[in-house]
Amino acid sequence: MTDFLASLGYESWILHALVWGPLAGMVHVLAAPKERAKHVAFRWSALLFVLSSGLWWAYDPVGGGFDFVSSASWIPAWGVEYALGLDGISLFMVVLTTFTTPIAILGSFEYVTRRRKAFYALMLLLETGVVGVFLATDLLLFFVFFELTLVPMYFIVGIWGGRRRIYAAVKFFLYTAVGSLLMLLAILYMYFAGSADSFSYDAFLAADLNLREELWLFAAFALAFGIKVPVFPLHTWLPDAHVEAPTPGSVILAAVLLKMGTYGFLRFLLPFFPQAVQHPVVVTVMLVLGVVGIVYAAWVAAVQPDAKKLVAYTSVAHMGFVVVGVFALTVNGLQGGLVVMISHGVSTGALFLLLGMMYERRHTRLVEDFGGIARSAPFFATAFVITALASIGLPGTSGFVGEFLALLGAFETRPAAAVAATTGVVFAAYYMLPMVQRLLFNPSDEPANRRFPDLSRRETVIMAPLVALMIWIGVHPTPFLDRMGPSVDRVLERVEAVSIEATAPVDESVGESVGDFAVVLAPEPEPEPEPLAAEPVVELAETPALLPDVEGD
Amino acid sequence: MLVEHALLLSALLFVIGSLGVVVRRNAIIVFLCIELQLNAVNLAFTAISRHVGIEGQVFVFFVMTVAAAEAAVGLAVIISIFRHYGTVGVDKFNLLKW
Amino acid sequence: MFLVESTLRSALAPSSALASALPAAAPQEAAHWEPFLPGLVVLLPLLGFVANGFLALRAARRSSAAVRAGKEWSPIAGSVRPRTHTLPTWIGPGVMAAAFGLAAINFATAWGAHLAEPVIAGPYWTWIATETLRIDAALQLDALSLAMTMVVTGVGFLIHVFSVGYMKDDPGYPRYFAYLNLFVFFMLVLVLGSGYGTMFVGWEGVGLCSYLLIGYWFSDVKKSDAGKKAFIVNRIGDFGFLLAIFLIFQGFGTLDFMPVSAGAAGEFAYGGTMVTAITLLLLLGAVGKSAQVPLHVWLPDAMAGPTPVSALIHAATMVTAGVYMVVRSSALYALAPTSQAVVAGIGVLTAFVAATIAFKQNDIKKVLAYSTVSQLGFMFLAAGVGAYTAAVFHLVTHAFFKALLFLGAGAVIHAMHHAVEHGDEPPAGHGHMDPQDMRNMGGLRKHMPVTWAVMGVATLAIAGIWPFAGFFSKDEIIWYAGAWAGAESNPFGGLYVAYWVLALVTALLTAFYMARLMVMTFHGANRTGPAASHLHEAPRVMIVPLVVLAVLSVLGGWLNVPEALHQTALGLFGAVPAEGLHHWLAPVVHAAEEIQAGAIGEASKSAPIGGGELAWALVSTLAAAAVVIATFRVLGRRSYATAAADPGPQTALGRFLHGKWYFDEAYERTVVQPVLAASRWCWKVVDTRVIDGFVNFTGSFTRVAGWVASVFQTGQVNMYAFVLALGVLLVLGAAVLLP
Amino acid sequence: MTWILFILFSVVATGGAVGVVTGRNPVASLLFMVATLASVAGIYVLLEAHFLAAVQVIVYAGAIMVLFLFVIMLLNLGHDYQADVKYGLWFLLAFVVAGLTAGALTMGFSDAEATGFGDVAAGEAIDAAVLEKGAVGAIADPLFTDYVVAFELTGLLLLVAVVAAVALAKPRNRRGTDAG
């Protein structure tokens, strides 16, 4: 397989094809007649998935650095490049994206009836944006793609959404925009602080920052990504967006868009700000937020009358596991976080698809309106149960591997957080099983539920690969772990290479003063410059004067 | 020293011009005051050209061209406003408010 | 497919894997033993699941079409043996028979080879591998796992066969067998897995199957609820198990059993915090799975499942997984005397509480459920007093006689159900008659003589009467509890005396409530009413497993005749080899026993109040026999009201026991409702008011601010010019004044 | 001599500017404006920008101001003697802001250290260029080499302005009553 791909020159064009292919598809969709739009879109996205699947073999995990690297100058004046690259972390995110997009499009065939061309064009535009986010190795390019994803999602929610779609769309947009604005500021700060006059990833890695700077920049980045994830108190856009979004929108939102946040954690936060990331207050805050997210979201999910909202809240809980795993700063934790990301993409995406099917049939999402569906739709129920079990992390399904590793990793360094997070295992059952029971089991009193049609052929085609993937990852995750391992190691090495001896030793009381860096940091001495970056900082004192330096006459 | 004093004069003219823009109601006179401000700026450019080179004067040339164009369009606007409202008092219409 | 392929490959050629798994340097005194297709033992039930699952979905597609069309579809209609039933009938029990055969071959050869060192089959593939963690999909074959495999496949096979008869009228027949096969698969993974990681897979897997099978008739809210409850309560235990796994990983860097038990003594100090924490957390897992106080509440509800399921999962196999785990981790428990005291304490308390609850239950399955909980408590007691062999021994015998009791109850329910259904006129009282309520039975002996006989055997066995299985196993546990209490340097000696006393009392209670069950069900006058004429003995396919189990219930005890009884009349004067099971399991518990011997010293040779093992054995069997006879005498003369006419318990104690010590109510008040209330509070207050309130506030704030700012938008050019000038001034001022 | 002329031009220019702002009659304001423009042209001469001075007089004082005058005539505003100055608080405020701006500008311009005046070389270079190529040539040279694109664009701008002016000033419709 590898030889075959090499003979195609696969490495040289694949990343560009994945980024721009959807745009070509978008043009095609816009040019195609209205009735054909969905087929065109599906074929394009499926083609892209087929193309991207070659990455599985073509990517060589040894070393864990960026592969398939290519770049071209974009805005030379600022040193902005169109630079793409792929490593063991982005590999899965990209393939997850190309995998879910055709499925989501297929899942929208019956759901979307108005303005179909626009819808499918936006879906493909979204794919371009998301793939670009995962592949960009230039920070400004990354930012552009990051913002680009906002636009199609805004319209998808705002046009094809439910009753409160405008509110949800605006909320989604503003929430995310606030974070990304701060991130832009942080990117610019790092650009000017760095000496390389470049936005490239490596240049940013080499930026020489002191702890104080790192903490502020960390806060800016963390806010942007934390909103995307979403981390506990920043999550309220998610249930609204999910509930109002059309099924394919929810699927993409859950499967891919949320991952942009956690991907940002892994790709940017940890390597860029190793001192901040190791700062006890930061770690404590992030872990506390992760744990609170797990438990809180599970509780809130359990009492939701709207099934879709329930699943939306479970996303918050799942992503809490990612946060806990990532900020444990251990190999197992990071890998576990990544697997949770993949698994959550698959299982929650599948749940949204299933709920979408229910909505198409019954035009309601309230749990109480259902019941006994397993009798009238056994295939549907089987798929639903398997998906739900994967979602709550039963061993043998994808959810378990990720959660187990994340918790294990967290336990190695932060046992208290891990213990608290592990209660999420119990609460997962507490929210998921009652829903499964009230939707699928119990007597089917409503005649409409007795007539509930089973999975159609198209729906079976949608669910089969998802279910297969859940079980594959659950039973044999090693190929996944092997591919992501070296890249995760690199991230961790980068973090561990920098110590923060200058800061106070870890003591238990730091948890009490969480939230206020200034208070904690004020008495601390500035840390010595790290040995990593040897180049001196260029003085910016020279005034960029309009008038030249001349003595007065 | 001439340059510095020319600059002070340009500052004075500019301020008087802007005062006129703010306190007068007659559109024509407001417009005249704007021209006055432009002239003040031109004076500053010309003065500074003694220190930075001929570009200062080139800039003045461009400003004059733009001023001419602006005068043409601006006066045309005033004419059509006058046609519509029968006045050139700028406090009589508030087209800028939605 | 990868799984199948690699499993087959390794199963067919285990020797190469073996060579790599076992260091060649390890000197093996016992003859070299090679497992025979061990992977296939596990794989067969999985294949059965896949095949039955496929059939089930196919059948479901047809039945669901009927449901959608508004008809009730039944495969039974018109034909004796519906087409959807044919294949599952052969596949389900078939794979079990094959698996049992393979297990038996392995067991026999291993027994012959005096297996001493565990043999690792596989790894078939690496399940989870990161830089520091490695969990292999491998099987560990040793004395304990082989014994468990025999029980699981053997009893499992019998119950599969029984199910063919019991479930024959059920439209979900293929689904039932699919679940059952899946359960056996996971159970085998649980007992054969080579480490805590693999064990956890089986652990949660059996929980899943339990959930699916309890809620098998999912259209019934109560049954569906019961499944959910079982799963959630089990997950509380799994929480502890997971944490224990994390701690073990931190201590040993691996999750495999062999390095853990070999390195435990070197890694942890005796009585250390770490090992105590691990063992207590493991215990939490075991308490959840094995339905010990305080997490026992799910098991009685689990009786909502089909009766063979109760026999297999909730009596013979799954619920004993906790005991298995404690024995498997014996090297750790031996290092943690506090944990041992807790294990034994929970065990004996559970045994007592459950036995008292069983007094006042009228549902035949509920009585058996509490009886199971109680017997599991005995096993925990055994594990807690370091008598791991006794725990496993009781596990095995209990699997025999409790499976027999449940299946017998199943036969009774089957008969009652048919009678109720076919009875022409509605039974006395109002509405539907509960076919499981013992108050509606009575005098069934003449209708179902074989069932009565085998149930009688099982009752004698569980009551601990010589020569039935329960006598040897339960007596050993009580004896060890007493002996352990008297060990020279036992830090909790006094506590164990209390345990011993409680265990003795509970043993007698057991005899009483089982005798009560027999009396109410089979003796006295019949209370079924007109439907009684339809009562009949179960079909042969159900009777045969009952008889086999009855034989096992009689003979099972002779697996492990205590040394002290060996040469006496109670041991048939040495006709049966002594302590067979103990010798067999010795390699497994050797490490633990060594630690215990070193720390606590020799167990006492007499009970806390004197008397040797033989004497106490005599006393207990005689006492149990006396209780049984007395119960028959007293209760046999009593006349019972039918369920419809029964006013319920009259005394406060009676109500308390009938109400199951109000555990459910207490949980409802202290856990369920507060969590629900907190959840609602989080949603309605925190999420909606606080967070969203803030978010919406920023929105409306912006709006208001915009409205305020719009006041300046007069539309007057002067105004704009002025603001512009002001801005210029600000910029200028900043440029000039700021350095 | 230079200084006398400079002071004279300055006084006239300032006085004219004040006249523009305070004049009641638009025509009067316009004439004051012409005076200011002429004085500024004079200062241009003092600053050795002869070409600009000429353009100032011809284009500004000549063409643009006449355009203004035409418009005033056209709209018949010549008899408009109403006092349209906004007095009161508004005037005071404007005055304060204007004064502060003047102060800031003065401070900025007189801070030779910060702005870095004093380079006489540039001025001498201009003088040399004027001597060599003549007053027009000195400014035409950069205009048609370095800034030729901008220059062409200005031409375009003027064209657009002409078209726009015609389009705007034209009566909306044929039935318009005040077409003449």
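Observations on the model:
Here the chain labels run A, B, C and D in written order, and each chain numbers its own residues starting at 1.
Heads up, the rule we're going with is that contacts are C-beta pairs under 8 Å (C-beta built on N, C-alpha and C of every residue); 3 or more make two chains touch, one makes a residue touch a chain.
What you see is a predicted model, and the numbers here were worked out from it, not measured in a lab.
Chain closest to the overall centre, judged by the mean of its C-alpha atoms against the mean of all protein C-alpha atoms: A. Farthest from chain B in terms of Cα centroid separation is C. Chain A and chain B have CA centres that are 55 Å apart. With each centre defined as the average position of its C-alpha atoms, the distance from chain B to chain C rounds to 91 Å.
One simple way to say how far apart two chains are is to compare their mean CA positions; for chain A and chain C this gives 39 Å. If you average the CA atoms of chain B and of chain D, the two centres end up 7 Å from each other.
Looking at chain D, residues 86, 90, 94, 97-98, 101, 105, 112, 117-120 sit in touch with two or more other chains. With touch defined as above, residues shared between interfaces to two or more other chains in chain C number as follows: 718, 722, 725, 728.
Residue positions 18, 22-25, 51-52 of chain B each touch two or more of the other chains. For chain C in complex with chain A, the residues that touch the partner chain are 2-3, 57, 60-61, 63-64, 67-68, 70, 125-133, 200-201, 203-205, 208, 211, 215, 218-221, 224-225, 227-228, 231-232, 235-236, 238-239, 242-243, 245-247, 249-250, 675-676, 678-680, 682-683, 686-687, 691-692, 695, 699. On the side of chain C, the complex with chain D involves touching residues 718, 722, 725-726, 728-729, 732-733, 735-736. If you check the complex, the residues on chain B that touch chain C are 18, 21-25, 27, 30, 90-91, 93-98. Residues of chain D touching chain C in their complex: 86, 90, 93-94, 97-98, 100-101, 104-105, 107-108, 111. For chain D in complex with chain B, the residues that touch the partner chain are 2, 6, 10, 13-14, 17-18, 20-21, 23, 26, 29-30, 33, 36-37, 40, 43-44, 46-49, 51-52, 55-56, 59-60, 63-64, 67-68, 71-72, 74-75, 77, 80, 84-86, 90-91, 94-95, 97-99, 101-102, 105-106, 109-110, 112, 117-120, 122-123, 125-126, 129, 138-139, 141-143, 147, 150, 154, 157-158, 160-162, 164-169, 171-172, 176, 178.
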